[in-house]
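Okay, so subunit A shows up in both of these, paired with subunit B first and subunit C after.
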Partner chain A sequence: MRNMKLLKTLTWVVGTGFLIILPFLIPTRMHVAVIALYYAILASSWALLAGYGGQFSFAHMAFAGLGAYTAGLIGKFIRFTTAPTGLCTEFSMGDWWLVVQDAGSPTCLETAKAAMPVGALIVKLPAWLDITMGIIVGGLFGLLIGALVLRLRRTYLALFTIAFAEILRTVINAERDITGGPGGLKVDPLFPNGLTIFGRTFEAADKLPSYYVMLVLFLAVLALMYWLVGSRFGLFIRSIREDEEAAASLGVNVVRYKILLFTITAMIAAAAGGVYAHFVRVIAPNMMVIKEMSVVIAMAVIGGMESLLGAAIGAIIIEFALEQLRSDITIGSFSINMTDWRLVVFGALLMITLRFWGNGLIFPIIQRITRRGVAEETVAKRVQPASTPTAEAPVMEQEVEA
Partner chain B sequence: MIKLDVNHVSKNFGGLLAVNRVSFQVRGPELIGLIGPNGAGKTTLTNLLSGALKPTNGTIYMNEQRIDVLPPYKIAAVGLGRTFQVTRAFRRMTVMENLLVPALAMHPAARQRQFVEKAKEVAEFLTIDHLLNEYARALSGGQQKLLELGRLLMLDPDFIILDEPFAGVHPKLMEIIYEYIIQTNKNGKAFIIISHDMETIFTLSQRLLVMAFGELIADGPPAEVRKDPAVIEAYLGSDSDKPWEPKRRAKRNGSKIES
Partner chain C sequence: MNYPSIFWYAVLWIIVWGAVGALVTPRVYARKDKFTHQTAMIGAFIGGAFGPVGLIILWVLTPQLSAKWILASGLVVLLWLGLAFSRADPDNLCVTSGSFVATQLANGLVIGSIYGLMALGLTLIFSILGIVSFAHGEFYMLGGMVTYYFTQVFFPEINPLWGVLAAALFTFVLGSIFELLFLRPMITGQIERPGEYAILVTFGLAFFLQYTTLSLVGASPKKVPRFFDYPKVEVPPDSGAILKMTPGNVTFFDIISIPSPRITALIIALILLAALLYFLYRTWTGKALRAVSQDRQAAAVTGINPKRMNTLAFSLGGMLAGISGAALVQVFSWVPWVGIPASSRSFVIIVLGGMGSLPGAFIGGLILGVVEALGAGCVPDPNRAAAYLPAYGMIILVLVLLLKPTGLFGREL
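What follows is the complex of A and B.
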């Protein structure tokens, strides 16, 4: 047991250390590395929802989109000023005004600038705050959808979330004046004025700071999810996955925990979407298409749906592999354009995994390590003299210290 | 004292009247057998008691609290626990995790480790302590039934409903289940046990409820129920002189009923 704890700690330290030094190993692949971490957050949180909780949602990318668009729209439309503009929609907040540049008059602030007192400040919300707003919006939508549909059986959730994702994407596509439609929405970088750390200055376009922000989010999310699955919350959601009726008969508030799970994973997806938006700097409704959702599901399935780490590793490996496979393959006089064919390879891998390794490719390896010795322990105990029913049945103590 | 009041409870499924105006009371830690031919409404009645189904008509009170309007998890908290006809262990969770679920659900402020020792005791009592770290899916059918009973011990309800606890169980494990029921009953828990094992149910029960066609046709001590003409006629057939002894088939109204 102690060895296992040591092994787990060692794995975490080595894994985290590897991700920290990764930019120095592959400095030219930073874009792929950030996107890989983005998918790792989405795949592992989807694994928590579907693999641990048994709730098959197809709206995970929609929640990422909600986080991304909330961050983007706040950056585009919301400002704080120290003087009223008189032209935009604005709300007084003590010494400050919350200014909304509505879609009808997008240049109102520019026009009003000339009439504003000298030295009046116009401030954008920092990235971390609009990402936080995105997380809240994602959570609210998650709560609403969860409350609406999670009382019903699983198939309804799948159908409902497909409909929600498509409606959201269509609305964003249609509302060009606000969202930019299919052309996309420009988003400020995470650090618009650049960043200086340990005497080294990074430009706004440098990818390294974004990598570490995504890495911190990834590690924080993974730690949060592991804490959740190790707690009573984890036990309850797994019991719900196994048998809702039996779990309820044993005192588990099934609906409450399903909604809670759905809301938490929606917030995680929204957080990933928010950081992603600031990293790629132009977001489009395409990030929410069903194909993107399928990629996340496939990453989780190939990694192992019942393992957060398995799903995350699966996502990272697959993202790098998919990018690697973009290069054309030439055999003699034949040249294969892998940009299209790589998805065929990916699909085939998914089918083979489902057919032969239902638990994914990474999860069985993790299990082999973490459950090493369990079978031997069972056999060893079994060969001992069999225990017989004791004279007295155990009686539960009613009072348990809090 | 444990009190259960079932008042004129009915349940319709479309045109089918599965339970028809069933009423009975339980006072104290009684050990009650519930028998009846297939389709008599026994499992539907237990689903109504545990909240898995809501009655079309009638009320159910437990310890003066109306429970037929409560969701199943609240009924469990009031003190009514159950097992299922087909074993429903959480298969991809370990035996220990299976045992911890009800204990933690009942004690929201408690920590997991407070119940680990209790779970070990329960597993030892049910002779599945060597399997604590195994996934429930690795257990045999009989061991999974024991695990379900273990979860009830961890839930610690006042009133326990066991649906077919002896079905398909090895005689050795059957002894353990029998022992479980006797011991737990001695500890002050009331039982309703559904079983087609006539010999066991007649021996074990202090009181028998007999259902047929959704109605409660007999309620009393096993010795009286044995002689009840309605039971003999409706349940096992009028030609039987010892209806409590299992028969392979009994004929009633021209149709064959499994005993």
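What follows is the complex of A and C.
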């Protein structure tokens, strides 16, 4: 028993430690590493939604996009000043004014600056606050969509979210005055003034701080999701997935828990999108195309839809593989453009995995490693006469946990 | 700029009283111990159409309700919207030019018939296999691509109808191969959770087909010239002739003008619809298909092989999408991701028409076609109007899900 627990803790410690020292192993590929973590958050939260809860949403990237665009638009349009501008749309908040530079008057703040008293401050919302706003917006949309669709059958959610994702992308594409359209929206870096930690100074463009921010988000999200899965909530959503009618008859408020689950995963996706926006610094509506969603689904499925960790590891491995496969292959006179073909390969792999390995490719490996001890102990218990019923209960618990 | 104020206040008014009607009416009916079936929807429509006065009359009298009420009050809502629109934007082409509106309506109906045909394929698949194919748009895209390559690249001199036939054959075969390889295991019990598997595997197929096509043919738009040049029918101007034709355009009654490729597409769609109806209602196989959609077990007892019917339904559904694509490839330019908006359109249509309902799919297609055409023609900013084309369908989808999730002709879920 204790061995088991130790092994598990050890796996987590080693895994986390590996991710912490990763930047020093591959200093040239930091960009891919951050993006890989971004996908890992999305894939594992999608696995929570689909693999645990059985709710198939194709709008996960749209929620990430909502988070990213909320953060970006706040950075573009919202300022706080210590003096009123008199030109822009503004709201008084005690000593500060909340100034909205709407698309109709993009230069109002510039003009007003000249007339302001000396020493007046104009500040942007800090990055963590606009990411929080993005999370709230993502959650609100999740709540609305969930309330609209989740009382219906499962297919409706898939149908609705795929249409919603497409609409959101079209709207952002069309409203160029506000969002910058297909050309993209500039976002400030996570630490616009650089960062000094342990005597080392990082420029705003350095990727290392962003990596650790994304890593912290990833670990926090993973911890939150594992806590949720282990709680009553996790039990309820799994029962809903197995049999909605049965769960309802046992007193689970099915619709409420489905909406809650959908909202939580939407917020997680929005958080990932917000950090991503501050990391890549130019976001375009292309981050929400169906292709991105397909890639996230492929990651979750290949990693193992029914395991949060499996999906996350799958995402990290596949992101690195996708980047590795970018270069063209030349066989004799044939030159294969791998930028498109690699996605064909992953599409085929997605279908084949679904067909033959419903648990994914990576999750069974994790299961093998972490459950080896459990299997032996269970066998040992079975061999013993059943005189110690109390000792069996923890084993059961262990199995449920894993 | 009184445009936004009047129109948006009217919309707000309708939404608010519609919501009040939808929320309160069922309670009033329940309190008076009357039949509450569909009272929410009728309350919403009456609230939207007649505001508080209509609602109070409805609540006091609580008459026995029927579908006629929905239709009547729905028309009144549309009338209000139209009036508000014409008051708000009097210079709009939609308000000043009747022939423009008629042309838009006719074009919407023509394109809508193709949408309907495509959605018919999706609803056929749903009614037999019980799944929604998320790769439906990709069959549509492939139909167009095959037609392009068949008629433009491989056999440039051939009659374009052969291209349509090739597209039909290709998508039919592709559908049956996919069904046999990936969907057959669902009913033989080799898959743990068939419902979830079906969503993901068809989505995976969509991804796979899209990128295979992109890798093979590239991202540059393909354009197929119109299949047929129409004979020129000359009439003196303003003679009130019923029909006027040029090779690229057909004009009815001097006011409704439709590009000829769309007419060709409409004719293909109508012929196919007739063939499909004949197949479903007059042949043994078609009857067997409908029997399986009604009751699998009973159908199996009478000697129908449900597995074979599954394959047939999926291939037929894919083929209908493929032919829709082949018919429209001469109207729009074709890229590998042209299927994405097309498939969301089909989803809107089958939800609107009722999942699994064949007439619902076709009528839903016509409705969506008209709404999109009017939206594209009447929204003041033309760039934006075109960009928001998919959004009009989305509004319909939200309304249907709010008011009547079973759709127009759906079976109760």
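The working rule: the second predicted complex is superposed on the first by the 362 of 402 C-alpha atoms of A that agree within 3 Å, B and C clash if a C-alpha of one lies under 4 Å from a C-alpha of the other, contacts with A are read in each partner's own complex, and residues count from 1 in each chain.
By our rule, a contact is a pair of C-beta atoms (placed from the backbone, for glycine too) under 8 Å apart; a residue touches a chain by one contact, two chains touch by 3 or more.
Note that the structure is a prediction, hence the values are computed from the model and not measured.
In the superposition on chain A, no contact is made by A:Ala114 with either subunit B or subunit C. Of the two partner chains, subunit B is the only one touched by A:Ala248; subunit C is not.
Once the two complexes are overlaid on the shared chain, A:Met93 sits clear of subunit B and of subunit C alike. Of the two partner chains, neither subunit B nor subunit C is touched by A:Leu25. When both complexes are overlaid on chain A, the residue A:Phe236 reaches subunit B alone and has no touch with subunit C.
When both complexes are overlaid on chain A, the residue A:Ile331 reaches neither subunit B nor subunit C.
On subunit A, the surface touched by subunit B in one complex and the surface touched by subunit C in the other have no residue in common. Those residues of subunit B that touch subunit A in the shared complex are 50-52, 71-73, 76-77, 81-82, 84, 88, 90-93, 97, 100-107, 109-110, 112, 114, 118, 121-122, 124-127, 129-131, 133-134, 151, 153-156, 175-176, 179-180, 183-184, 186-187.
Subunit A contributes residues 231-232, 235-236, 238-239, 241-243, 245-255, 306, 374-375, 377-378, 381-382, 384, 386-390, 392-398, 400-402 to its touches with subunit B in the complex. On the side of subunit A, the complex with subunit C involves touching residues 50, 54, 56, 58, 148-149, 152-156, 158-160, 162-164, 166-167, 170-171, 173-174, 290-291, 294, 297-298, 301, 337, 340-341, 343-344, 347-348, 350-351, 354-355, 358. Taken in their complex, subunit C has these residues touching subunit A: 131-132, 134, 181-182, 185, 191-193, 195-197, 199-201, 203-212, 214-215, 337, 340-341, 343-344, 347-348, 351, 355, 383-384, 387-391, 393-394, 397-398, 401-402, 405, 413.
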